[in-house]
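Read the structure below first, then the notes.
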Amino acid sequence: MSESDITAAFEDRPAFVPYLTAGDPTFESSIEYVEALARGGADVIELGLPFSEPIAEGPTIQQAIVRSLESGMTPERFFEFVETLGVDVPLVCMTYYNLIYQYGDAEGPRPFVERAAAAGIDGLIVPDLPVEEATPLRTACDAHGVDLIFIVAPTTTDERLTPLLEHSSGYVYVQARLGVTGARSDVSDRTSYSLDRLEGSDLPAAVGFGISTGEQAGEIVAAGADGIIVGSALVDIVAEGYEDDLTTEETAERLEAKARELTTGIIEQGRPRSERL
Amino acid sequence: MSESDITAAFEDRPAFVPYLTAGDPTFESSIEYVEALARGGADVIELGLPFSEPIAEGPTIQQAIVRSLESGMTPERFFEFVETLGVDVPLVCMTYYNLIYQYGDAEGPRPFVERAAAAGIDGLIVPDLPVEEATPLRTACDAHGVDLIFIVAPTTTDERLTPLLEHSSGYVYVQARLGVTGARSDVSDRTSYSLDRLEGSDLPAAVGFGISTGEQAGEIVAAGADGIIVGSALVDIVAEGYEDDLTTEETAERLEAKARELTTGIIEQGRPRSERL
Amino acid sequence: ETFGRYGGQYVPEALMPALEELTDAYRRYVLDNEDGFMDEFRERLRTFGGRPTPLQHAEKLSERYGTSVYLKREDLVHGGAHKLNNALGQVLLAKYMGKERIIAETGAGQHGTATAMAAAHLDMPCEIYMGRTDTNRQRPNVFRMRLNDAEVTPVDVGRGTLKEAISQALRDWAHSVETTHYVIGSVVGPHPFPQLVDEFQAVISAEIREQLHEQTGTLPNSVVACAGGGSNAMGTFHHFVDEESVDLYAIEAGGSSLDVDEERGVAPNSASLTTGTEGVLHGARTRVLQDSDGQIMESHSVSAGLDYAGVGPELAHLVETGRVTPESVDDRTALAGFHRLSQAEGIIPALETAHAVGWLEEATPEQLGEQVVLTVSGRGDKDLETVLEETATHDVPAAPEMDVFSTTGGDRNE
Amino acid sequence: ETFGRYGGQYVPEALMPALEELTDAYRRYVLDNEDGFMDEFRERLRTFGGRPTPLQHAEKLSERYGTSVYLKREDLVHGGAHKLNNALGQVLLAKYMGKERIIAETGAGQHGTATAMAAAHLDMPCEIYMGRTDTNRQRPNVFRMRLNDAEVTPVDVGRGTLKEAISQALRDWAHSVETTHYVIGSVVGPHPFPQLVDEFQAVISAEIREQLHEQTGTLPNSVVACAGGGSNAMGTFHHFVDEESVDLYAIEAGGSSLDVDEERGVAPNSASLTTGTEGVLHGARTRVLQDSDGQIMESHSVSAGLDYAGVGPELAHLVETGRVTPESVDDRTALAGFHRLSQAEGIIPALETAHAVGWLEEATPEQLGEQVVLTVSGRGDKDLETVLEETATHDVPAAPEMDVFSTTGGDRNE
């Protein structure tokens, strides 16, 4: 299996992987925000396609999803969103399985993956799809050269880790702590443990859940992470802009600044992946 | 057994027996009202001593009882009331057994009867005291020369009638219809039947429950009654006077007029009791 | 028929023939099972009423009091209280007697709802008298009666509570006695009602005795029941009265105080057994709350179902002979008992029952003995609003905070 | 584990180990009765829960429909609904598993109150998630949970009803999974929940089968149960699924219409079996109410307990294979059923149950057969206010007049 664009993005230094919900709060400003993150140093970008029952999300991203759905986001609009974006980093779609399953004629995940690949999506994360239920999606992803990224949780047992890594491609999403998404000021002790467990894997390990500052990002990279994933801290900036009626430009600038802060934290601590393996 | 004053009052013609609740709405005006009834032709007067749970009374007399209690009526005040009255017809006290039982040291009915006799009461009616429970009171009444008047109801069986008449003295209260006290426009067919059943008795039969006009009074007397008892129709006049803020004199005049109407109805149809027996 | 000094038939002559007829029916159908009446009654109690109810060992109360506490779960009877035992029996009896209509009084509405249910079940027209005050403060029970197609007639006399409703039902009965049966709601009223209601409620103690014997092979040391009119207490005690080794405790509503306000005619309690004096009320000689003239007082209890100025004559007699020990528990202790049973055992009791639960806290180990049976006479759903208000007023310890409606948050993650 | 196309475990990886642990506990304790788990469960259901509940022959419904109608009286279970069967089982299982805390979601509050009662009974700390809208419209149930010492946490997301409460409970569980058991309230969610809940509710059909055999010596021709999530239906059907002669009817909430408003994302019904399509919701593949993109719709029913956009996967499978016939009944027919049972049989049913009762009116004699069993899943006390409002709105025939509060009179004599 040749290394994917996504995996390659983790090569030179630990990657900065920001998340935003596509279409939050509108299609147009959301495009600006994602592009701002790219300017701020994003190596891979996770784009949320909103689902009405986001059981893995905390309140920050739940509200982003509400805003996005209210602005008219649908799977088809999402693909148009991806096609409209002017960024040249790999893109990962994060959504829930029912939307993937229903797309097209509700005949399974293939039509969704095909369309996603055509639009320019490089990988998928599906928080409510454990390895046990993932075979049809894995098959469709393989057929269209799309990476399927799984999450390793603090509760994931050693027995579960092996098949999980076997099915993963792109990177491994290391969940830094229990719970749902959301910015936190502490970084779990379990992060190091989780990273240690992944040492035998070929895939880069990106740590997410609760990272909000450049300092935290640096700490996690120092602990051995191949990348950091930041979602709620960025969505918070979008929410503030929305609530305080800032202009799209102002919010985009804030996002770019936050991205730079995080990227800087990573760079200060980061070494090329070859040195880390 | 020598004939009592009460029984004697039924001799010359069928008797008019009005009822008022003593102390309704005040001690003083109630004295005037009772005296007005005497002037209007009353042969015997029933005076209600109010009890908080008058289970045999309809709404008219219930309200009279409330007014009387609120004006401070008690058993002791009731006896003072009797002593204050300037009328020369026999007086019957109508009350419930708990007041009789509790009077004095709650040692039974004797103290009450003794005090009642001393005050000038000639008879008692106790609507919640059937013959079966009446022995102690019967004994006390005999000891103090007070008549004990029982009610014959439309439902009273022939088996019950014999002991009931044996225990009765003064007169027999014939309940004209089922239900509780209250003025009605119709006179029950059962009245004639009840009167027929009493033909063998030595005691006069007075019919009550629902009589409100001189015409009705005449009809009942024509049917063979030795007397008519009128309560609610008179209490209604007291209530109207109270509610419409009439002077005591105005209400007393109305009561006297109503009494005359009823007495006239009786006289037109009445014959001496000796002719009726 | 009397119980020592108590009982009798202090009613208008018009009702006496009906009481004779009822006494006859009671003897034939209830005592002698004529036409299989009692068989049908028991079968309907089982399939419609949900009997037998469990006798549950209460683990945490047992631990707390260092004894074995058993709960007789009358809260699980259809309608939510022991009241159906009696209502079903009387409505069925009325049917056997050829009556065409049912009337009943109700205070808190439990007897009214039970009667309405039984009347619907047995297809009898039904009218319930309820004081105006009670109709307004017990709206859900009024709805339930109406849903079961019973007429509900508010009584606008006096304070508009149970006492007035009974008086009004007696007045209706004096009017309608030839076609109508009056389903009285407790072991009160003229003979044969106290015996009749006792007989229908005796199923409680019959089951307790059998169930405890099954579970432990013994009789209890003490049996505890709340008492207002006394039907729950008499039903719970019935089959233990002749067992001298079993102590019987009737827990009354002590209200806010055992003193009385003679001037205003108000007793701030409903403890007729403890503080009442001999008198005649609603057809029977019994212990009543009255002033020195004999006027009946307005009683009070946080529990509408105990809020009555009289008590069953048989219970008064058993107290007088020393067979039953009366105890009273004030509003605050009852509320604490309410919360204790809710929190410790997951059973929200009626406020009536809460008095019995509250008394456990005040009882001595000698009184409780090694095995205590307490009857949960009903469930507390009907009392939620009252409990909330009164708990705040009385500052009851261990009551839960009820601030869930005042917060705006709900998410666990910040 | 799946039921045909339905079921599975569509949950975050963080929860998968807990589901494995639960599956293991389910096999050992529930299926194999390890450590006597099932014995203790059955004993507690009996003494705390009030089982067995009666199977009552309904005389007037039988007459009306020319068949023998039997009512399974789950309304008599402690708490007032079948919900306790499951809640008690899961809380006890959590205790056997060494968990220290219970969470649950609730819509109308019946599952929440059942869980709070079970948790109090078994001394487990308990937190209930409830949509903000539901906390406000089901205040009495919030009080009951608080009285049993459960935390009640309103959920301010979305429409603030059951769907959001389940999502929020899953989020809590993702956070607390190591010490906490999530007591799901119906036969929904990821494996092993649908089987686990079904197993705890199967006591309903086990009793029906035994009781009907005792009473008539036969199997029923048809078995009728209302279905929202489907725990009442699965519990009622469980022991009849293999008896091909017994017809099984799951009655869904037809709401105001079976059409959907795709534009607004609203389905004015909760008939997932009748009108839903295959999808993935709350951890399982099943039939759901969704738009063409796969977004879950807001469902609607006059009955809060049926108001859910999904349904248990096993029930979806039994419908797909033709073993269970889904039928839907609209709000008005359900309300008429509510009044019919209240008036004819003296049983005020939950609005959920009222759907099943309403369906009897629409069923053909062939569908009903000679013996019909209908499960009264709960009592209607919780629904009184809703019924009053909705009855007026829908102009339901045979509803009682509720003008008792507007009159001023009360005396019978003028």
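Chains: A, B, C and D, in written order; residue numbering restarts at 1 for each.
In this section, a residue touches a chain if its C-beta (ideal position, glycine included) is under 8 Å from a C-beta of that chain, and two chains touch if they have at least 3 such contacts.
Computed from a prediction, not measured in an experiment: that's the story for all the values here.
When chain centres are set by their Cα atoms, the one at the greatest distance from subunit A is B.
By C-beta pair count, the most extensively touching chains are C-D.
Centre to centre, using the average C-alpha position, subunit B and subunit D are separated by 65 Å.
Remark: subunit A and subunit B have CA centroids separated by 97 Å (rounded to whole angstrom). Per-chain CA centroids place subunit B at a distance of 38 Å from subunit C. Annotation for subunit D: residues 157, 171, 175, 411, 413 touch two or more other chains. Contact with two or more other chains is made by residues 58-59, 179-180 of subunit A. The part of subunit C that touches subunit B in the complex is made up of residues 8-18, 20, 157-158, 163, 167, 170-171, 174-178, 265, 277-283, 288, 290, 292-296. Within the complex formed with subunit D, the subunit A residues making contact are 51-59, 62, 66, 69, 74-75, 96-99, 101-103, 106, 127-133, 150-157, 160, 164, 175, 178-180. Residues of subunit D that touch subunit C in their complex: 46-48, 50, 53-57, 60, 73, 75-76, 78, 80, 116-123, 129, 132, 135-136, 139-140, 142-144, 146-149, 152-157, 168, 171-172, 175, 339, 342-348, 380-381, 384, 387-388, 400-402, 404-405, 407-413.
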